[in-house]
Amino acid sequence: MDRDTRDMLLETADRFFTERCGREVVNSVEKGIWPADLWKEIEEMGLPLIAVDETKGGVGGTLADMLALLRLAGSHAVPVPLAETALANLLVGAAGGQPATGPSTIALGPLSLAGNRLSGKVERVPFASVAERFVTVVNGTLAVVARTNAKISDAPSHAGEPYGAVSFENAVCEFTGTSAANAERALELAALVRAMQMAGAADKVLATATEYSKQRVQFGKPISTFQAIQHMLAELASHVAATIASAEAAARDADEGGVPAGGSFSIAAAKSQCSDFAQKIAAISHQSMGAMGFTHEHILHHYTRRLWVWRRDFGSESFWGAKIGAAFAKAGPDGLWPALTASKYAA
Amino acid sequence: MSIPKLEFPPFHLPEEAEALRGEVRAFLKDTLPKVKKTEDRFSSWNTASPDFSRELGKKGWIGITWPKQYGGSEKSFLDRYVVTEELLGNLAPAGSHWVADRQSGPLLLRFGSEEQRQAILPRITAGECFFSIGMSEPDSGSDLASVRTRAEPVPGGFRVNGTKVWTSGAHRNHYCIALVRTSGQHGDRHKGLSQILVDLKTPGVTIRPIINLAGRHDWNEVTFNDAFIPESCLIGNEGDGWLQVTSELAFERSGPERFMQNFYVLRELVRVLGRNPAPRASAILGRLIARLWTLRQMSVAVAGMMQGGKSPAIEAALVKDLGTIYQQDLPEIARVIAESDATTEDDLADFLDIAQYATMMAPSYTIQGGTTQVLRGIVARGLGLR
Amino acid sequence: MSIPKLEFPPFHLPEEAEALRGEVRAFLKDTLPKVKKTEDRFSSWNTASPDFSRELGKKGWIGITWPKQYGGSEKSFLDRYVVTEELLGNLAPAGSHWVADRQSGPLLLRFGSEEQRQAILPRITAGECFFSIGMSEPDSGSDLASVRTRAEPVPGGFRVNGTKVWTSGAHRNHYCIALVRTSGQHGDRHKGLSQILVDLKTPGVTIRPIINLAGRHDWNEVTFNDAFIPESCLIGNEGDGWLQVTSELAFERSGPERFMQNFYVLRELVRVLGRNPAPRASAILGRLIARLWTLRQMSVAVAGMMQGGKSPAIEAALVKDLGTIYQQDLPEIARVIAESDATTEDDLADFLDIAQYATMMAPSYTIQGGTTQVLRGIVARGLGLR
Amino acid sequence: MDRDTRDMLLETADRFFTERCGREVVNSVEKGIWPADLWKEIEEMGLPLIAVDETKGGVGGTLADMLALLRLAGSHAVPVPLAETALANLLVGAAGGQPATGPSTIALGPLSLAGNRLSGKVERVPFASVAERFVTVVNGTLAVVARTNAKISDAPSHAGEPYGAVSFENAVCEFTGTSAANAERALELAALVRAMQMAGAADKVLATATEYSKQRVQFGKPISTFQAIQHMLAELASHVAATIASAEAAARDADEGGVPAGGSFSIAAAKSQCSDFAQKIAAISHQSMGAMGFTHEHILHHYTRRLWVWRRDFGSESFWGAKIGAAFAKAGPDGLWPALTASKYAA
């Protein structure tokens, strides 16, 4: 997708999300209502197929195109599994399969595959309760299981999205194929997707808190004029900036590498970074907004709660930090600087 | 919503710059003594070594972006970036030429007279002429416009009286660029200020050490007592001092020196945790590395924007703010994890000293290049809050 | 130097209070259901249980310090302290009677008419009458003096119009004590405000839920539409509302509820780390326990000072500020250490949910009883800075 | 010592420290100059013997009296081993020995005693370079070794005090006796002494930063009028308050227990607490004071650097935290609350 096409697509999507993913929709998803129309329109726009080849009916975008879209989706708290489905479709397409319509999700975890039979259990699968199929990678094989062949135990996330545990008991796969991304890589890509969504959400948190401070009057003047609030928001901006910068750098590195490999260290570092600062972003924004930001009525929590959930999804800062730390420890002190400047795991 | 979007477009340093990196690394490997565990290695750019600077000058890596006629190499700002970060990443003693290369030279290039350029710049690039900055005064603090040092026009030049403080390296450098009042009154603030080039050997200029809390002598008080400064040493136009100074400050904010002053601690943490730390220790180490990587991505992104002709002032301020937070966190996080996960007791004792020293130095990070208060003020303005 | 010394004289709760503690513990052991891992147990005093409150009332432990003529037990403020902390430490559902016991009852005792006392207090001590507070308004925030709700004098009482927000429990409680403007204009600030006792069933009073971010319904919006409140429901003197309210706020700051709202997390952390954690996990657990112990020592010291007739307002504000910091740190520190050191995967998953919930609730701690901003303002005044 | 006597003694000591422990004295100790006169005067006042029985020529004060004095000393950065000597003398006296004149210090660590011969090495012994004797407790035996029988390797602390490593190689003890405090208890008492010194130093840091903010003018007004500075100092006050409160509570509990035992948990908690917050206190005070507080000329660093050193002395927050954590973990969740309210290790 050339730059102009992407910009146009993002602009269209931005307008669409602004119009159609308002507070009410996000809230109703929390009540367990599936926004079927919204999903249908999203499919009609082709968004879940953004990184699927045109030969397979997709939009033909790159990994980078998909990630840019998902950052945007993150800044709108889009309450459907667009991220999960887009990634699932990308992986299915790259494994020689044909992406289907309907919401999909990614289930990565301790699964085993015998022939085309999948077994095992994955906790905290995003949108498990509404997904029509589960896409996973076991070692080097991609497998797709239809909802009917899985056992789902609902456990909504703290953001109210329909997460759940998914069990497969010798479940028949509707598709298996050699995956372009092995299991480890699939997890990296999923983590990167979350990092980009977090960048979008963080951005929105900053905009929301800043705007609020200009509107909210206390002791006769906008709270934005209080030095304590100004410094609070400046500190917030710093943490948001780090989130955005790390996610974008990792997206660039992963895109340059492609689906099978590349940018592994950057992804780990970005997810560690984004997860690390999520709490600070949430805490400062809430502190600056007081009781108002703590109500369900205000939109702030759509973003802060997602940040809290997403920091844990597909590996927390400790998970990715441990990967980085182990590699750098192994390489010793002299390996630190060269690896850091090369954005590579020390070896 | 109309607040400015914070963007740090990922930027690749160009191939030439990366090639230069290899050269710099090879040079440093040959030139630098083995890393010793001394406080002198903590902060590469606070450690002066005229010998090292002369060697670096010979390679053409000081004033690397400047025109060849002044001894420069006419390389890009990004080449300079790579040289700088390699000096820091390899803990090179870059303190002697640091200010001249980073601030004073560029200032002279931009605002100095041809005579000044020809007289000074080639000596800087040769690694033979070192600079200090005379900005703060005893009562000024962050309020840099409240300058009291007076340069009174007299025949052929100025008679200067007043006091500058926190002047790094004045006791070992050749020149100081001082912000002084050439007209108007103290209350005029930004108006009537000028920058002058002061030979630190000038009669009437007295340099007294200001020892820092760690007992180190980096700072000085520079007192002017009827010191005569020739007219030829006025930099730029009379009265433009504030303008010139503020354009200088922007330079200061997002470079790698803003988050790599205690890089040594991270390096030593890797050493002290050994080759196979417990997962929890790895996680903490990895998170620190991730934060440093992020800062570097941000800093490189800002460099890329500047190379592209933009003036990412807010972004630069954010890098400095985050860099300060990181550098204050680093030794404290490292200390705690080392206490539980160091491989040997001896290494631990050494490391705890290193980390403590770094913590002790950390307050200074918020002083250089704008205090946290000032920076957050800049960001708040960028957010449209003031 | 003339700044006030911060002192927290160590204080022993008297023997009677410690004896009472034993009784309360025994009662709770019999009365409380086994601790379950539900969000309802997170915050003892945000969890309403009229049944539990009635049982507690039967023991004489609500309004424990009040005169016997109003159903009280005439015990000391320190006895009350012990009952309160035992409720919190044992995660008892104390939400129904909490406000009545802690604020509304004492207010009526101090400022209420004899008729009001006789009508209300015995029902409170019996655990049968519950209160809400109607202080904040949509545009007031921390600026509590900017009250717009108007109580216009009419024959026999007041006609009230306006809106109160963040009114905890109004949907399940019997009364609300509201701060309203009985004379003067909005701009008059502190002047012309009064407190009135509002039966929440009064015609013209409408209660609408304000759901919090976790989807819980604790808060309400209470709207007055020409609601008639009898003259007999004025509390204290007309126009003294601000005075009465501010004396109330001081009460609110240093109690154990200011640092034990998520005590459950610490308890569960002990569980999830198992009986024999690695030293680094022990260290982190122990540091958290030490901080909680310190907060309790401070809180008890403040209670001792109050019992001794002092008004340690700054000290109380400091306890609240530190309590907030601690309660915000706790779930985050616990989360990280649990991730690496939980004994089983299942326990870990549960615990991560618990900790996340606590983190999600943490922003509310800075809202109750004065935001961090307001508190720090109080302390700054105490330090002589404003 | 009754309350009045103690108050009088503290008042006298306060005046004395104010007069005689000024900046110059503290600085000259850093340069390696032993303030012999100061020490002599301190001895003449009887301060190192504050908690020694009158029968042994001491002042006859309690543990609490000694701790109150040492908190005061901490608030003056008294640059001689008053704390170490007072504790050493207390221990020697309580072991049936006779405290001698001259500065002593406490050397606690992996030492072994064979008859009256002491062996082993202790790192970071405070004032090792100037102490005339080393007092230690090995298991239940107190031992005193003269300076001449020890090997001292100077290693000044980051506060510039003459710390050092001390080795004993079969060193003859000038006294051994059954210690009233066993080795573990001796460490507790030493940690408690440091906690009280930290309380004093923390208090002084707050006073110093507050005073400075009122004097220092920027942008035409005292910096104390900036909201950001006000909030910074308020946060500082909170951390100082916790330091004071925890140390004082532990001092009370230890005093009620007496030299041999009592208040063990409170001491551990207090030292953990004081060490835990030392950095925040130092960092905020320095941040509020900018470059001025970073100079050697200003007195702030006399206190912040001692806080940094003392937090590590006789057990860091991790050391004491681990003791607490291990005990509470062992007792399980139900033991937590009862132990906390009893200020006892959970059991």
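Residue numbering begins at 1 within each chain, and the chains themselves are lettered A, B, C and D in the order written.
Going forward, a residue touches a chain if its C-beta (ideal position, glycine included) is under 8 Å from a C-beta of that chain, and two chains touch if they have at least 3 such contacts.
A quick note: this is a predicted structure, and the numbers were derived from the prediction, not measured.
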More C-beta contacts across B-D or across A-B? A-B
Furthest chain, CA centroid comparison against subunit C: B
Between subunit D and subunit B, distance of the C-alpha-averaged centres to the nearest whole Å: 38
Whole-Å distance, C-alpha centre of subunit A to that of subunit B, is 38
Gap in Å, rounded to a whole number, between the CA centres of subunit C and subunit B: 50
Junction residues of subunit D - those touching two or more other chains: 226, 228-229, 231, 318-319
Two or more other chains in contact with one residue: find those residues in subunit C. 279-280, 283, 340, 373, 376
Residue numbers of subunit B touching subunit D in their complex, please. 136, 139-143, 146, 165-166, 210-215, 219, 328, 332, 336, 339-340, 349, 352-353, 356-357, 359-360, 362-364, 366-367, 371-373, 376
State the interface residues of subunit D toward subunit C in the complex, per the touch definition above. 203, 206-208, 210-211, 213-214, 224-225, 229-231, 233-235, 237-242, 244-246, 248-249, 251-253, 265-266, 268-270, 272-273, 276, 317-326, 328-330, 332-333, 336-338, 340-341, 343
Under the touch definition given earlier, write down the residues of subunit A that touch subunit C in their complex. 30, 123, 158, 160, 216-219, 223, 226, 228, 279, 282-283, 286-287, 290-297, 300-301, 304-305, 308-309, 312, 316, 318-319
So, in the complex, the side of subunit C touching subunit D is made of residues 1, 3, 5-10, 21, 25, 85, 89-90, 263, 266-268, 270-271, 273-277, 279-287, 289-298, 301, 314-315, 318-319, 321-322, 325, 373, 375-377, 379-380, 382-386
Which part of subunit D faces subunit A closely enough to touch in the complex? 226-228, 231
